[in-house]
Amino acid sequence: MSTRSVPTLTLQGARTALAAAERRAQEIGVPMNIAVVDNGLHLLAFARMDGAKITSIDIAINKAFTAAGHRAPTSVYKEAVWPGGPAFGINNSNGGRFMTIAGGVPVVQDGVVVGAVGCSTGTPPQDADVAGKGVEAVVKTFGPKAKL
Amino acid sequence: MSTRSVPTLTLQGARTALAAAERRAQEIGVPMNIAVVDNGLHLLAFARMDGAKITSIDIAINKAFTAAGHRAPTSVYKEAVWPGGPAFGINNSNGGRFMTIAGGVPVVQDGVVVGAVGCSTGTPPQDADVAGKGVEAVVKTFGPKAKL
Amino acid sequence: MSTRSVPTLTLQGARTALAAAERRAQEIGVPMNIAVVDNGLHLLAFARMDGAKITSIDIAINKAFTAAGHRAPTSVYKEAVWPGGPAFGINNSNGGRFMTIAGGVPVVQDGVVVGAVGCSTGTPPQDADVAGKGVEAVVKTFGPKAKL
Amino acid sequence: MSTRSVPTLTLQGARTALAAAERRAQEIGVPMNIAVVDNGLHLLAFARMDGAKITSIDIAINKAFTAAGHRAPTSVYKEAVWPGGPAFGINNSNGGRFMTIAGGVPVVQDGVVVGAVGCSTGTPPQDADVAGKGVEAVVKTFGPKAKL
């Protein structure tokens, strides 16, 4: 076969995630940069809440990039990327875009990564919490299966 | 005085622009990348409509960057940046981010540039049309004066 | 809908293109860099024939990147990107990766761009000829419809 | 003498490595990005198996780049590049391309590094195993001596 069919997040799906993440950020009182990428790691939707850090724009986008590309929350790396870990230095890859800080969470539909949400401005646990709420909203709204 | 107050686009303002630009893109049947930046040239809001070109993400963002930074629509450069023009080569500046293609339009409030809208995927006139509708919506919705 | 299904080139499809391009390059006696990307503009397969230019590696990859992202052969730009053209300066976009030199050709299946082939080392018409042979082979081998 | 003759991997040699690495990746059930570079550290052949991670394209290429350039498997660095080690920070060199994660293995012929194989998507030991099988295949197929 010359082609295969792959599911990817729509703008509608991305906005569902973005809106839920934004609500959560408001709840915890931390204005965030919220980025959503598709299955090709390309930006679909973005919002910088008033007061979010400017240097966190890049970080939010690249957390989403990393979570979608490596198909794992960016919170997983920990020891693996510290000195002594087998992936120490991976955060230099991809032109410095590989983020190993919590706050990037893949969107999974029907067992396949279709995109990711990345958040930045708060502490890493806050960023991961907010991004996670975005991801949950997609599954809650559209169901766990990708509509193909 | 050690500080001065500068008006800048809010996320609410950016979304007003984005929504109006998106409606116009749907009207003309061209899915667009739509980027909105603030007075510091930093991304505030972004949407890639389903079907918009992936290589136009960067272009939309950088049209907005250029329009806000140089405080002029990106459609103005023309002869000035061609060989023989006084600004020839300016599009190599800012790490290649300076875009001299139509489709970036500043948002002006009370005579001050507070941000910009950048669009890409269509022809340059289409991109400029769509970005322009976004900018108009801000003025129509909030009035010509920046609320400080 | 939160997701949509998009067809993308497989490694098998990419290799079909690469093999046909390589045969053509041998026929015309010009060793080539041949790159194939998927629908997300990411590298799928690459070969540098012995004797191909080293500085053409990047060019071949970025011709494929551009053809898939802007969904057009890179031979189309011509006057549009020359001084006086409406897209003058677009080749500075995407971090300098936007190639407006012939030799990038999209792979279309069932009316959808599923990837692209980019070639470099020869003259632009030679590069376009070789890339085109790669693209034709995909359609000839697998039919004009994407098998989803 | 104004010149000297240096052995370098051919495309045929690269493909022998790539095919063997790919077979090994299939055996262990991990789709890989497999990159092969020549003695000048430049890409010769590349394949992304369907399902391999997109963020591992760059990593595979740069593991091969590093293994060929520093003439050692990328698994050797360990303590040397951790804080306190004599080469701490080397992974920031070469524009961030210097990879100190296992999975890059030089191809040696007649005592000379003629290129390297880099793999990424699995764990570092898996990546090193797969790359190693590619390197072994070159020696097994063509003998330990470079044919000049």
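For reference, chains read A, B, C and D in written order, and residue numbers begin at 1 within each chain.
The criterion applied here is as follows: a residue touches a chain if its C-beta (ideal position, glycine included) is under 8 Å from a C-beta of that chain, and two chains touch if they have at least 3 such contacts.
All values reported here derive from a predicted model rather than from experimental measurement.
Between the Cα centres of chain B and chain D there is a gap of 44 Å.
Centre-to-centre, using mean CA coordinates, chain A is 30 Å away from chain D.
Averaged C-alpha coordinates put the centre of chain A at 26 Å from the centre of chain B. Multi-chain contact residues of chain D (touching two or more other chains) are listed as 50, 54.
Viewed as a contact network, the protein chains fit none of the simple shapes, being neither a path, a ring, a star nor fully connected. Across the whole structure, chains are in contact as follows: A-B, A-C, A-D, B-C, C-D. Put simply, chain D touches chain C in their complex at residues 10-11, 15, 38, 40, 42-50, 54, 57. By the touch criterion stated above, chain A contacts chain D in their complex at residues 4, 40-41, 65-66, 68-71, 83-84, 86-90, 92-96, 98.
Touching chain C in their complex are the following residues of chain B: 50, 53-56, 58-59, 62, 81-83, 91-92, 96, 98-102, 123-125. Per the touch definition, chain A reaches chain C in the complex via residues 1-10, 12-13, 16, 38-42, 107, 109, 114, 138, 141-142, 146-148.
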